[in-house]
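The following block contains the structure, expressed as structure tokens.
A, B, C, D, E and F are the chain letters, set down in written order, and residue numbers restart from 1 in every chain.
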Amino acid sequence: LSEGERRTGVPGVATGLAVTGAGGDVLYVEASLADPETGDTGVTLTGQLGDVMKESARIALSYLRSRGAELELPVGDLKDRGVHIHVPAGAVPKDGPSAGITMTTALASLLSGRQVRPDVAMTGEVSLTGRVLPIGGVKQKLLAAHRAGITTVLIPKRNEPDLDDVPADVLEQLTVFTVGDVREVLDLALEPAATAAAAA
Amino acid sequence: LSEGERRTGVPGVATGLAVTGAGGDVLYVEASLADPETGDTGVTLTGQLGDVMKESARIALSYLRSRGAELELPVGDLKDRGVHIHVPAGAVPKDGPSAGITMTTALASLLSGRQVRPDVAMTGEVSLTGRVLPIGGVKQKLLAAHRAGITTVLIPKRNEPDLDDVPADVLEQLTVFTVGDVREVLDLALEPAATAAAAA
Amino acid sequence: LSEGERRTGVPGVATGLAVTGAGGDVLYVEASLADPETGDTGVTLTGQLGDVMKESARIALSYLRSRGAELELPVGDLKDRGVHIHVPAGAVPKDGPSAGITMTTALASLLSGRQVRPDVAMTGEVSLTGRVLPIGGVKQKLLAAHRAGITTVLIPKRNEPDLDDVPADVLEQLTVFTVGDVREVLDLALEPAATAAAAA
Amino acid sequence: LSEGERRTGVPGVATGLAVTGAGGDVLYVEASLADPETGDTGVTLTGQLGDVMKESARIALSYLRSRGAELELPVGDLKDRGVHIHVPAGAVPKDGPSAGITMTTALASLLSGRQVRPDVAMTGEVSLTGRVLPIGGVKQKLLAAHRAGITTVLIPKRNEPDLDDVPADVLEQLTVFTVGDVREVLDLALEPAATAAAAA
Amino acid sequence: LSEGERRTGVPGVATGLAVTGAGGDVLYVEASLADPETGDTGVTLTGQLGDVMKESARIALSYLRSRGAELELPVGDLKDRGVHIHVPAGAVPKDGPSAGITMTTALASLLSGRQVRPDVAMTGEVSLTGRVLPIGGVKQKLLAAHRAGITTVLIPKRNEPDLDDVPADVLEQLTVFTVGDVREVLDLALEPAATAAAAA
Amino acid sequence: LSEGERRTGVPGVATGLAVTGAGGDVLYVEASLADPETGDTGVTLTGQLGDVMKESARIALSYLRSRGAELELPVGDLKDRGVHIHVPAGAVPKDGPSAGITMTTALASLLSGRQVRPDVAMTGEVSLTGRVLPIGGVKQKLLAAHRAGITTVLIPKRNEPDLDDVPADVLEQLTVFTVGDVREVLDLALEPAATAAAAA
């Protein structure tokens, strides 16, 4: 198994893309739901997330709380089970809105029990209504995805012009989808339900 | 569909006007109500809102909590469903009281299920009793509305003198209403109930 | 209608007097009670209030919670309905204890459904037992009241000597009452119950 | 009525002594209990109290919560009624532990319905077990009490040596009691139950 | 009665030892439990305690919550009664972990109704499992205990070598026990149950 | 008994390894569960833990809350019993993610009632899905483990290359396991259930 396959081998983990001091990098957004027997409720956010990134997690949760039933997700699970979103590495500060769709995808994966495809990485701000808003660093993020062995990348529709800056040899080895609504993201990124394990 | 139509295509989104470092700009206030099944309650405010703008959201909510029934809004929905107000873009700090009527309109749209007219933008502080109080930056805001393809703008009655500063060619392409009470705003901005989708 | 009449045209709004950088000014203290159907409880304070002014609001509330029944106010309303006190303009920082009796009056107006007389403005710190304590800026505050068309002003008994500093022509156009207990304030400022609209 | 008589004319108000920038001063500690109908519970502390003085209020409350029944106080009232302790003037910062016995006395007065004697002022830190601990500024505090027309002063037993510093002519016009336990304070400061009004 | 006897004359008070700017000093840790009738719950910590000392109080409480039943303490009392730990003097900042065993002893005294022996003082950090961990300032602390008329001192086993630094004439007038587990502390410091008054 | 045997002699204590200013050191992570009779719930973290280390504790808890039942741990105990995690010495600030697997092990020991083997020490960040992520300071940590008489050390699989830097004579006296999932850690570190004492 590759590192990416090990990391995303259970429902609740989605692969994002970030700009760091040293170019771009792949990051994993992990989500868990507490066993109802533990009595845990509420939301926990860890990974040294900055204010904007914490707000992204709140937006992802509210999107699913208000529209999850339309997506046939069992949103009642959010009532009696504590939600935790973590972004390793634990000691590295992270910020920015561009993990919004990755967080939404990790949560939808967890609720549906459908794993996220290990060959897919994504970047995009999400609005409260599910619109995918543009982000920065497309070039560095695609280079990082390519280095990590990712083959499919999802970016915001309004970032399509930024693809011109990506080296042609990298671009031809990647399948890039531009997306305008988070429903498109979920359709592209989640494995079919048939192969899904139970959410944990 | 235009960007504005895509953004305001569901109940709960209203178009506001802001003064930014680079002149004026259009902004979208998004509101959501959690599915009661999710057990979520309380109020969440995101979008890097400053103290004054967060207070505007509290005022908009209290206005609807105390006077919403007079407006025939189903205010009981506020009891069992978490409210979230978000103002994209997620990473851009925003402040000031002038989004007060926009927030009130987004919430009233959400509760009523009546969409906000996509051709309408607005600016104005709201008081706890629903009075519309004057704001700054009328000229930049109307120029921004015009650039964004908005055709109808609502401004506070006490800002009427500021219209003198707006270039005549812009002003003749805009329908400007001056308003003194937030009830006038809702009458002008909300689509008729007949065309309303279900609130989410 | 004058600005003051529009602003105080519903129960729950009282006119105060403040010292600002540019002399004195009239301010409106607005109070609302949430519809019990909304499930809202607790206290919300907005208007960029400083620590001392927030404490004034707490004192006004505790005064009514402990002694309101003696004043024949329906204090049980405070149990199931969220209280919000707001002082426009939303972006202007305000502080000091001198709005204490104005806050008490706004709340008593709201609970009783009796409007505050639009021609009355007031200034005075309130103690937890309802004593009216002296404040500063009497001269500037009376000049501001006069400019705003106010005809009756309530000031603390212990500020009576400060009236010597107010220009005689202003003073003769104002009816000034000096008050020692907040019950006197309510007797002078609230409209008779007969003309009262329903509290909101 | 003197100022002191007006201020302490209801149960729940006790006269303390403080050292200020300009010598000593008399201060009034006011306590109130919310009407159970208001649904208010919890503890509110106002008067721009510093950390140490807020802790004094917590200690006074815990002393009465743990030992109040031994003192035949109706401590069950503390369960369903919000407690508020306020120390005017609202805008003047105050700190230090020496108001401990004054706070305990104000609360015991409120619970018992017995007024505090208007001719009595006091200063002393209180421990969680009711011990009266020494404080500073005895000389300035007694001079202030004398100026304010107080005739009886209570000070900690361990401050007895500080009486040497008080001018003889002041001392002979004051009755000074030194106290080691807060029960002695209550015995000396509270009016007999017979003359008590109802607690509010 | 000596000062120490007066201060520790009720269950819930234990004598500790601290290093201060002026050498060592005796301090009293006071604990109280609210009368269940008062409805008070939760934990209150006062005495200008620093972060480390507040954590010591949390550790002492958790030790008793997890292992108190083994010690035959009525730990159910902690459920319905607010706990308050105070360390006079109220205005003196205090910090450090060395009051851990003193806090544990004060709480165990309170729960058991067994007074702490007035001739015993102690110093030692406590771990969550009840181990007594080494502390600093043994010499200054024993000198302070001696000055205060204490005859028995408990120190951590791992501090035994520090006794070499204590003057021989002081050491021969003190009985020093070295302890490794907080159970040993309680056996040595608590009066027999027979002489116990009711906990308060 | 050695120090390590005394410290880990009850379920709920695991031995970690840290890098300090003076090289590496052994540390003990202690966990406790409150007696349900005490009414205590929630999570308490002490030991002057920095933000990253507090997040590690939250991750360890969420891991067990979501996956503990698969590990046959009685996770329902987490519902009615307050959890406390403490890392002595109380006054020493600690931070970093590398105690993640040690915290998970201490909690799993506590829940299972199986003691942690006193000869085992460990270091490794844990992800929300139980992956063991690489940490720093392998050389100093192994030297510290060796000095403390530890014979078995668990490190993250991705830190295997760092073993090259450890002196050969130290390495040959240690049994080092490299681990990729926290389940391997628990298998290696926990004593068999048969020898376990009751959890406390």
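As a convention for this text, a residue touches a chain if its C-beta (ideal position, glycine included) is under 8 Å from a C-beta of that chain, and two chains touch if they have at least 3 such contacts.
This is a predicted model, so every value here is computed, not measured.
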item	value
Chain B to chain E, fewest steps along touching chains	3
Labels of chains that are neighbours to chain A and to chain C	B
Label of the chain whose CA centroid is most distant from the centroid of chain C	F
Classification of the chain A:chain B interface as same or different, half of numbers criterion	different
Label of the chain whose CA centroid is most distant from the centroid of chain E	B
Centroid spacing, where centroids are CA-atom means, of chain A and chain F in whole angstrom	30
Inter-centroid spacing, chain F versus chain B (mean Cα positions, whole Å)	52
Distance between the centres, which are taken as Cα means, of chain D and chain A, whole angstrom	60
Sequence positions of chain E contacting 2 or more other chains	none
Chain contact topology (line, ring, star, complete or other)	ring
Cyclic ordering of chains (reference chain B, direction chain C)	B, C, D, E, F, A
Touch list for chain E against partner chain D, complex	6-7, 10, 12-13, 28, 30-35, 37-40, 44, 46-48, 82, 84, 86, 88-91, 200
Touching residues on chain B, where the partner in the complex is chain C	41, 51-52, 55-56, 58-59, 62-63, 65-70, 75-76, 78-80, 96-97, 100, 125, 127-129, 131, 133, 180
